[in-house]
Amino acid sequence: MKKIEAVIQPEALEKVKEALFDADIYKMTVHRVRGCGQQRGYSESYRGKIYQVNLLEKVKLEIAVNEEFVKPAINAIIKGARTGNIGDGKILVTDLNQCVRIRTGEEGNGAIG
Amino acid sequence: MKKIEAVIQPEALEKVKEALFDADIYKMTVHRVRGCGQQRGYSESYRGKIYQVNLLEKVKLEIAVNEEFVKPAINAIIKGARTGNIGDGKILVTDLNQCVRIRTGEEGNGAIG
Amino acid sequence: MKKIEAVIQPEALEKVKEALFDADIYKMTVHRVRGCGQQRGYSESYRGKIYQVNLLEKVKLEIAVNEEFVKPAINAIIKGARTGNIGDGKILVTDLNQCVRIRTGEEGNGAIG
Amino acid sequence: MKIKRLPIIQRALNGRLALKALCSIILLPMIAVAANAADGVGAGTVDKSVSCVAGDVLFLFIGAVLVFSMHAGFAFLELGTVRKKNQVNALQKILVDWAVSTVIYFVIGYPIARGMDGFMCKAGQLGSMDGIELIRFFFYLTFAACIPAIISGGIAERAKFGPIMIANACLVGVAYPVLERCLWWDPDFMGVGKAIASLGGGVPFTDFAGSVVVHSFGGWLALPAILLLGPRRRRYSDGAPSVSNIPFLALGSWILCVGWYGFNVVSAASVEGVSGLVAVNSLMAMVGGILASVIVSKNDPGFTHNGALAGLIAICAGSAVVHPLAAFAIGAIAGLIFFFMFTIETERFKIDDVLGVWPLHGVAGSWGGIAAGIFGNVKLFGATKDLNFFVQLAGTVFAIALALVSGFVIFGLAKFVMGIRLSEHDEIIGADRAIHNIEAYPEDVL
Amino acid sequence: MKIKRLPIIQRALNGRLALKALCSIILLPMIAVAANAADGVGAGTVDKSVSCVAGDVLFLFIGAVLVFSMHAGFAFLELGTVRKKNQVNALQKILVDWAVSTVIYFVIGYPIARGMDGFMCKAGQLGSMDGIELIRFFFYLTFAACIPAIISGGIAERAKFGPIMIANACLVGVAYPVLERCLWWDPDFMGVGKAIASLGGGVPFTDFAGSVVVHSFGGWLALPAILLLGPRRRRYSDGAPSVSNIPFLALGSWILCVGWYGFNVVSAASVEGVSGLVAVNSLMAMVGGILASVIVSKNDPGFTHNGALAGLIAICAGSAVVHPLAAFAIGAIAGLIFFFMFTIETERFKIDDVLGVWPLHGVAGSWGGIAAGIFGNVKLFGATKDLNFFVQLAGTVFAIALALVSGFVIFGLAKFVMGIRLSEHDEIIGADRAIHNIEAYPEDVL
Amino acid sequence: MKIKRLPIIQRALNGRLALKALCSIILLPMIAVAANAADGVGAGTVDKSVSCVAGDVLFLFIGAVLVFSMHAGFAFLELGTVRKKNQVNALQKILVDWAVSTVIYFVIGYPIARGMDGFMCKAGQLGSMDGIELIRFFFYLTFAACIPAIISGGIAERAKFGPIMIANACLVGVAYPVLERCLWWDPDFMGVGKAIASLGGGVPFTDFAGSVVVHSFGGWLALPAILLLGPRRRRYSDGAPSVSNIPFLALGSWILCVGWYGFNVVSAASVEGVSGLVAVNSLMAMVGGILASVIVSKNDPGFTHNGALAGLIAICAGSAVVHPLAAFAIGAIAGLIFFFMFTIETERFKIDDVLGVWPLHGVAGSWGGIAAGIFGNVKLFGATKDLNFFVQLAGTVFAIALALVSGFVIFGLAKFVMGIRLSEHDEIIGADRAIHNIEAYPEDVL
């Protein structure tokens, strides 16, 4: 089992969700986050005081999947989120030791979906 | 060392916290997130425009623990969060390589609690 | 590749960012979270009803790095976040299997920065 | 005021409303007016010069606008005090209750209160000489509509929309006008006013701007509703705060405070009666309420902003009579009353009165009625005239009794016939999603 | 009113404004006034006693303050309805449009509307006898400035700031005053009023407080602007909600509702004309709008709070004439109009009218103008006098036609010359960051 | 006005207040009034017919309500400008300062200002003939209470609650009334008014509605407080934005703008003096302030909404005198003053004036006082009468001097005796939690 984490542009969320649904991936957890990367920030000003905003609004998805879904999930995310512009985001994959469905207590591969 | 991540219903947070405290687990980090799973979303409407909400409010806990606390933590979470209804949530467990207490620089098992 | 997660005081964010930039680490994702640990909570009251707040405002950073940056990243975070007071926070490190840059599809070590 | 009975309206109301509220809402008036217009003639007796009337109309107009604006205050005070998932519901309740109150008070409430047959005459008559009667209706409507607005704050976050609205309509249409008539307009009505006054050797019951008639009645009406509903889910098992937005709460309180000067000062009803004393008494009572609350509550914003209201509520009755320093004392005590009674009510007796409308409007309002009997004393407290303590007490008790009876009957019936409480599921997801199908900050859904 | 032409002003305006707006803003008046002060003498004819004038000044003052406050209502109604990233922009548009409207209406708009040469005389004259004319200017300015405020709601979230501001200035400075003069002040002006009245045998066109002159005109002006702009990015491909803050939306609606009583009642323009009928008709129409909306929209807060406004918009025209029950019907129908027309406009025809200003101000306003011709009937509907349906229809159509022509010409020119739409990038990041360099809740940036 | 000394009050105030504020708050007035009621008789001289007085009472009442509402504006302007963790504190400060100001101004401030012995007579006298004096007290209280409200904005986010409140009470109770008396009511008082007028050959100092007496004084009082407090932690080392909520900021500004028409127009103090010129001058100055700010600040919402206020502040002094175009210029320059002086103050000199009250009220107010001497010129600028530049300058400088002296003495004493700054820990967690034990949006705690 793997955990996929993807940071994307907020604008892209709708499309990424669709692409994931198309790939039969229906479960995910979504965070509003702020990110800093190659994409330049911008400056704002209030009554003459200028301040730099270098943490930009992003959305982060977390998806726990069985191995066979890793590739499809990554592809779906890329499909929904790629615009070719800096700031499109990043996908990270980590190992998952265990997964438990709280409602049933079910564990492992079966619990993930 | 393991990292336990649990997505639960916001309603359940209070009880889960209590159950964890009862299990001598006092440290955690909590996120407000939105989740999508078996639980159906709902539709809202504003001035005639209907839109689907399929990302529901959830709370995510992150708990870093030493091995011997993994089972108790999972049990505590289940105890506090289970209602038997769809949407109760999920628990994920991953390996943790290292843990550092910023205040002291302490590392490893001792730093976790 | 490793994923570093650090929970710090909101006050410390500015300094931690600076310290990371100084260590040539420019990419990160930031969450507003709430944390519970050794640091005592506080109580608030509204019209006579007292309630305990034991989840305190914190900021969590996530940074994916190649191995050689793990130590510098941890040091930078400590440098920026340590005040010596309870509540300074914690750093967790986990293995990262894979990293994909959405914009280019690039994978692995090269995609991380 | 030329008065005409309009049987068509009555029949139409009975026959159709149940079936096709919407259609009748639109068609009915057309028919009714048409049927009626043909035969209405003759103006009322004119007892003031035109320019005087203009002055009074303007005066009442200013009052009506100020008190109408207070309803926005009710809306935001409730919105700020309830949890985020019930904010839209607070707004909708206040607005729709206002609308329903207008209709019912126009059709039956005001005629009952004033002992006349109604407004169903030609606009020509309504508009020229009798414009004063129309604006008076508007002004007193702004008081009548406080009844559901007060109740709304007590039963927030768990009540059904329609059943409560219907119950409120009955209260504004019948119960409140009866009280209004007994205590304000017609001492002979059912003999109540006379009986009360007889306790004080003929000194009449005085409630200048409605401490008793409006606030106390509203607050004591809310109590049965709150008891019949029961506390919100987990209100007494959970440690979570149940207030969402102090700035909106404060905004509501500010709007109420500002509008209140219309409530009190314009209650003179005629521009010649405008009185600096009433204005300054209102001010002093408000300030008394603020200071007492801020001290006793240790600077709690909820108590302080409500303390201002407590002071204003308590001074309504005696504001034309008592000395400004007495007004200060009345307000300060009202602030304390709210502080202690709210705590006792909601924490000791576990009566889940969300905004605290019973201690605020009910108890502080009753205190206001009685306080006028204490401080309304020329010799001792420098009042402008002497009021009678027992008369004030009796009038206050009468209002409480009527409130409790009407409240238990009407909300009891509503509970029995329609149910007045949201389902558990609806309460969990919040009234906003359950009833209005939307949240207060829709973009937050991601 | 003593009138003086001031050629210096005109020349100065032409010559400098384009180049150095700021300098001229400050220096110009000094020069102009100085140049002028030397030779102005002679007071206007005085036709009222001083104390009467004081009464009227006070009356218009109250009206001006109330309607001025409505502009805060416009700001918050829009702020609540747009997405968070365009909230600051909503605030800035309303405030700056107000300022620009004041200047242009002072300099040319009001003089055109009233057929006089302008205000460029000595303050001594302006202030003493003629203070009434100044406060009248203020009062009617509050109406004129509604034009950009109405348009603003339709074109929100994607329009450029400067070009729209300039287009609005033309509308407030010329188009609106021409309409105002034709339909309100001067039946002989270009023969329009006379021609319209001739359709009804001389019964003049009646628009007491501006259903047609203000609201309908504003709403129909917005339509071309909206069409020329096109819908917001993804408005019709995305499932996301596009409303950010129901409490602020409701606050805006409440402020508008309260201020509206100034809009309608003070339209009598003289304190002797103050009328309880106008106040209660406004009330009844508002309530009709609320009730119809709440029923038909299934308790939707957006429709309900706008329904109140629809009722108030529709009653402006006939509020001094129709029966209160007719007012109720007019308001209820206006509520339905808004509900259905908004849905048809934005969902069927995919015209992205953000706040729904065309159905709200345009269609409900037109309905108000026509409705006065239907319900303004003494025999059938108990009105205070008879209006003529065809006259009302013709006046309404005239306003629509003028609005469409002016709107397409002026916004068309603006689009052609300057461009009126934000770049895609700016629209994505939001007008707040793009134009104002700040977000509504700056602390949220972390 | 019948006047009676009331030694009991004085003694009571001295003896008890320190020990048991709360008890005395409630008991004191009762005793005092009782003690006093017995012997008070005799009405003041009546110099107006009853109906005239009613008109004036109504007029002052309208003004008092409008200016009272401005205090809500102060609250929300500050709430929106400070960081989220200090929003509740902003609300509480304004409300409690209002209450304290009322008490102190009633007991000593107003009597000092007007040179009379106080209000401790029977309500009968207060209410009937002398109601006008009471409402006048209320109206001028709304001005006096601006002093702490202005200061509050400058010292936000780091000041202690109690000590500042006590210092404010001294200012409202003594310092401000002395200035008010010198410049408004009594040219003979300490010879100040006469001395100033002598500079201009007897032309008296003119400050119609308080540019100098209220705003400039308040702004220059704030400066010592700000300097004695020092900047907020990290204000000059951190890159974070320090403004939380533009919509509330704008709401505050709107409320202030609307109420301001009461501030200026009702300063005529008698309905016969109501003037369209004052209203339109206020309007033009506000608009000038908006336009100058929006241009020079590149459409910044903070500057624009404060620019409107700068214009209104600057026009108070000369609004009954200058020509509307001069008013526009005065307002526009005030807008620029705020822009440049705020930047110089807070960025160059690193004086952490949170809302910018010194440049806004202090400098723009002083500009207003002086500008009246420039534009108050019949020949050159078409004013209604000639004012004298040097007189205006001298009056303005006198107010500044008095402000600086009182400010340094009183806040200096407060700092020395009680300390005026929150601990570092309290400043970090925010005044809301530290002082009020609650946050502005309590549900956000999870």
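A, B, C, D, E and F label the chains in the order they appear, each numbered from 1.
One rule holds for everything that comes next: a residue touches a chain if its C-beta (ideal position, glycine included) is under 8 Å from a C-beta of that chain, and two chains touch if they have at least 3 such contacts.
Note that this is a predicted model, so its numbers are computed, not measured.
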C-F against B-E, pair bridged by the larger set of C-beta contacts: B-E
Listed pair (B-E, B-F or C-F) duplicating the A-E contact set, over half by residue number: C-F
Centre distance in Å when chain A and chain B are each reduced to the mean of their C-alpha atoms: 18
Mean-CA-position distance for chain E and chain D (Å): 34
Rounded Å distance, chain A centre to chain D centre (Cα mean): 52
Per-residue overlap in chain E, given as positions that touch at least 2 other chains: 62, 239-241, 243, 245, 251, 300, 302, 437-439, 442, 445-446
In chain B, residues with contacts to at least two other chains: 30-31, 34, 44-46, 55, 94-95
Graph class of chain-chain contacts, one of line, ring, star, complete, other: complete
Complex contact set, residues of chain C against chain B: 2, 6-8, 31, 33-38, 54-55, 58, 60, 74, 77-78, 81-95
Chain A residues within the chain D interface of the complex: 13, 30, 32, 59
Touching residues on chain D, where the partner in the complex is chain B: 238-240, 428, 433, 437-439, 442, 445-446
Touching residues (chain side chain C, partner chain D) in the complex: 44-49, 51-52
Chain E residues within the chain D interface of the complex: 59, 62, 66, 83-84, 240-241, 243-247, 250-251, 254-255, 257-258, 261-262, 265, 271-272, 274-277, 279-280, 283-284, 286-288, 290-292, 294-296, 298-302, 304-305, 308, 320-326, 328-329, 332-333, 336, 375, 378-385
